[in-house]
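Let me give you the structure first, and then I'll get to my questions.
First chain written, first letter: the chains are A, B, C and D, and each begins at residue 1.
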Amino acid sequence: MLDKYGIAKRIAKEIKDGYYVNLGIGIPTLVANYISDDIDVVLQSENGLLGMGPFPHEGEEDPDYINAGKQTITTLPGSVFFDSAMSFGMIRSRKIDLTILGAMEVSEQGDIANWKIPGKMVKGMGGAMDLVASAQNIIVAMQHVNKAGESKLLSACTLPLTGIKCVKKIVTELGVFDVLPMGGFKIVELHEGVTLDQVRYSTQGKLVE
Amino acid sequence: MINKSVSNAIEAIGEVKSGMTIAVGGFGLCGIPENLIAALIAKNLKELTCISNNAGVDDFGLGLLLQGKQIKKMIASYVGENAEFERQMLSGELEVELVPQGTLATRLMAGGYGLPVVYTPAGVGTEVAEGKEVRKFKFHGVEKDYLMEYAFEPDFALVKAWKGDRMGNLIYRGTAQNFNHTMAMCGKVTIAEVEELVEPGVLDPNFIHTPGVYVHRIFQGENYEKRIEQRTFRPKD
Amino acid sequence: MLDKYGIAKRIAKEIKDGYYVNLGIGIPTLVANYISDDIDVVLQSENGLLGMGPFPHEGEEDPDYINAGKQTITTLPGSVFFDSAMSFGMIRSRKIDLTILGAMEVSEQGDIANWKIPGKMVKGMGGAMDLVASAQNIIVAMQHVNKAGESKLLSACTLPLTGIKCVKKIVTELGVFDVLPMGGFKIVELHEGVTLDQVRYSTQGKLVE
Amino acid sequence: MINKSVSNAIEAIGEVKSGMTIAVGGFGLCGIPENLIAALIAKNLKELTCISNNAGVDDFGLGLLLQGKQIKKMIASYVGENAEFERQMLSGELEVELVPQGTLATRLMAGGYGLPVVYTPAGVGTEVAEGKEVRKFKFHGVEKDYLMEYAFEPDFALVKAWKGDRMGNLIYRGTAQNFNHTMAMCGKVTIAEVEELVEPGVLDPNFIHTPGVYVHRIFQGENYEKRIEQRTFRPKD
């Protein structure tokens, strides 16, 4: 069973040399720390930056240099700034190879819900709906079950949707799952110490073993 | 030389009236037009419809307009950092239209590029699609559904740039560009505040982000606070 | 009666302080020479320049600095270069105050034909269709009659159209004419030495005297 | 660092095949990818569909491809400077689709911005509108007709920039930017030739016209002729 750092580390293996990658807030942000030094990757921040570098050293923060999570960041050689319209233009025109984001629920059809819980304060979808509607390759990083112990891998999402038929892969603390084109969560691997029974118990949607 | 410079924010927003629709640049607190927001407060304009990616925080940015109950309707993609916003929304005082961030940017772009509508896949199959025209197009080798979204045509766009010249040419710095360029292009009237106002010819004509033709008035802002929302550092090496 | 320089000079009077102006090829290009020194005007060239300056001195021509007629030009303080999409974006979004272009025919409804003669080599419409479809204020500079002596101010265009219901004003060697919203060429002024009969004789479309 | 640089034009166009659709940057002879055009000739690729604002002149630019009968179809806004073009068009050897210049630019932009279609007023009521969907929209306070036009999705975009870095970031100079930026954004594969190839970090990240994400291969071109079509001077002072 993996902790959030383990999930991030596992997802980092999906990133290939030369990829342009968009990392969402939460566990996805941690992925950046585990990208192999052997490959060259460019991180996109949808507020208008390609080539996001690490957080600045204390005292070197610049209010004009932030990421989509409003955190202070740095640039790297070859970085580019641009406006929001171009940023989502490149997302829609599929120039970003991989999008990694968190979710509250994923359905066996690849639908995703990650922006709104009825009855709770709605903060907005930010760029998530644009990313999931256009990305050619979406990996979801999330816990397998929610705090109430209910499965987040469902036959159908119960929360308001962010996008439909878009998630390709899910990495949870229990394992790695492909969302099959005809529907269903295909077990790609179980993390160390995880049993098939654990996964069966924690997965409400159709599991393909 | 066409001279669009005015002396300050109050003079610049002279024609902005209560009830108007204004696009306000910035992402979070990054690149927001601090002086123009202060002028909207000073003139106590009311019933504003604000198009902006975010709504500021309680005591800065558009949050200050919310404190003064100056905003009737907020069109934004993410509004999570603001308790007063939440209170007004839940009480029904404030109307809120949530728009996917890319759709927001693209509807603004459409206004600036003279395109009455755009089709975008964002929000297909979600509550964002409710009441909208859905149409199939084949693109990138894939046939899928798109939503028809209308261009924004705000009465005023209030933007903040790094440098600008008296003809209204603007350049931005870092991620403070964000929505500012796109909004500058779509305002029926666009007002720009800049950290440094220079004479025409100082800025390299090859590297101007927003041509002055889009900008109606420009002034050099004062006392920029440029507040940081999430001051995040890497560990000491 | 005016020659082409006279027509250009007369049109220059229509340009107001602070205007952004697009000048077409031919007589419209000449207009730039007659803009009053008392007003500030920015010339747009649709290949990607605001702030077009005069032709260069011999030896100072730069192949990267041309106008829409492919002529070498210079810039002025405050000039901006941009790409073709933005150029036509600003045209469509009505940021250009005045467009001046030539025509083969104009109809009393304000239709314009200026790009194609059936049976002759078709060179293309270039940016003319975009300009006439979007400009809020279009002045046509042309001769009142063609080389065959036929009127170019017609009840309906006979040549393939460039745009419909768009021309607001026409300046010819004989006079200045407004195209009325309900149709018809309203005589605004006759140039020195021109008689009403001359205009009547040379105008096939509906003349409003 | 992602390194997209290759050594020359022949290597760069390795995957371009006869029969493909290629967008070629430039306006007239200004900003055309001279080395890439030479490589298309050297490899004698045939049956090309070329999207370019113009078709060169008889002995330069795309005119050279016409001489070699390498172009099957030309999509352009203005093709007037070329006798061989006229001959091939009149004889029916060459298919020609004339597109208003702004529509051409906007259809290319749509490709790069992931918008399957755009609505533009250019050509309404003319032969350009034949066979196209016409739709009324209210915009800028005026209700009028617009034509639905499809995004371009060329197999390759061949563009020329002033400077570029090995990650594919590009900057243009003067009016040589023209269609190059827009085309670079919409190519399924985009190849850029530059006058000067630099290391990443040399170009200011605030002033890059085309981000490298749009560019797949880049090389430093040789022997730029940069021919001038209309050498026009002002009288000596």
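Quick note on the criterion: a contact is a pair of C-beta atoms (placed from the backbone, for glycine too) under 8 Å apart; a residue touches a chain by one contact, two chains touch by 3 or more.
Please read these numbers as outputs of a predicted model, since none were measured by experiment.
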| item | value |
| --- | --- |
| Shortest chain-hopping distance from chain A out to chain C | 2 |
| Distance-maximising chain from chain A - centres being C-alpha averages | C |
| Which of B-C and A-B has more C-beta pairs touching across its chains | A-B |
| Whole-Å separation of chain centres (CA-atom averages), chain A against chain D | 36 |
| Distance from the mean Cα position of chain D to that of chain C, given in whole angstrom | 27 |
| Residues of chain B touching at least two other chains | 106, 109, 113-115, 120, 140, 172-174, 177, 205-206 |
| Shared-contact residues (touching 2 or more other chains) in chain A | 81-82, 85, 89, 91-94, 134 |
| Arrangement of touching chains [line / ring / star / complete / other] | other |
| Every chain pair in contact, whichever chains are involved | A-B, A-D, B-C, B-D, C-D |
| In the complex, chain B residues that touch chain A | 27-31, 53, 76-80, 86, 90, 98, 100-106, 108-109, 120-128, 140, 162, 172-182, 209, 226-234, 236-237 |
| Residues of chain D touching chain A in the complex | 1-3, 111-115, 165-167, 169, 185-186, 199-201, 205-206, 208, 211-214 |
| Residue numbers on chain C that touch chain D, as the complex places them | 45-49, 54-58, 61-73, 81-85, 87-89, 91-94, 111, 121-131, 133-134, 160-165 |
| For the chain C and chain B complex, residues of the former touching the latter | 18, 20, 40-42, 44, 50-51, 75-82, 85-86, 89-96, 134 |
| Chain B partner contacts - residues on chain D that touch it in the complex | 106, 109, 113-120, 137-140, 146, 151, 153, 171-174, 177, 204-207 |
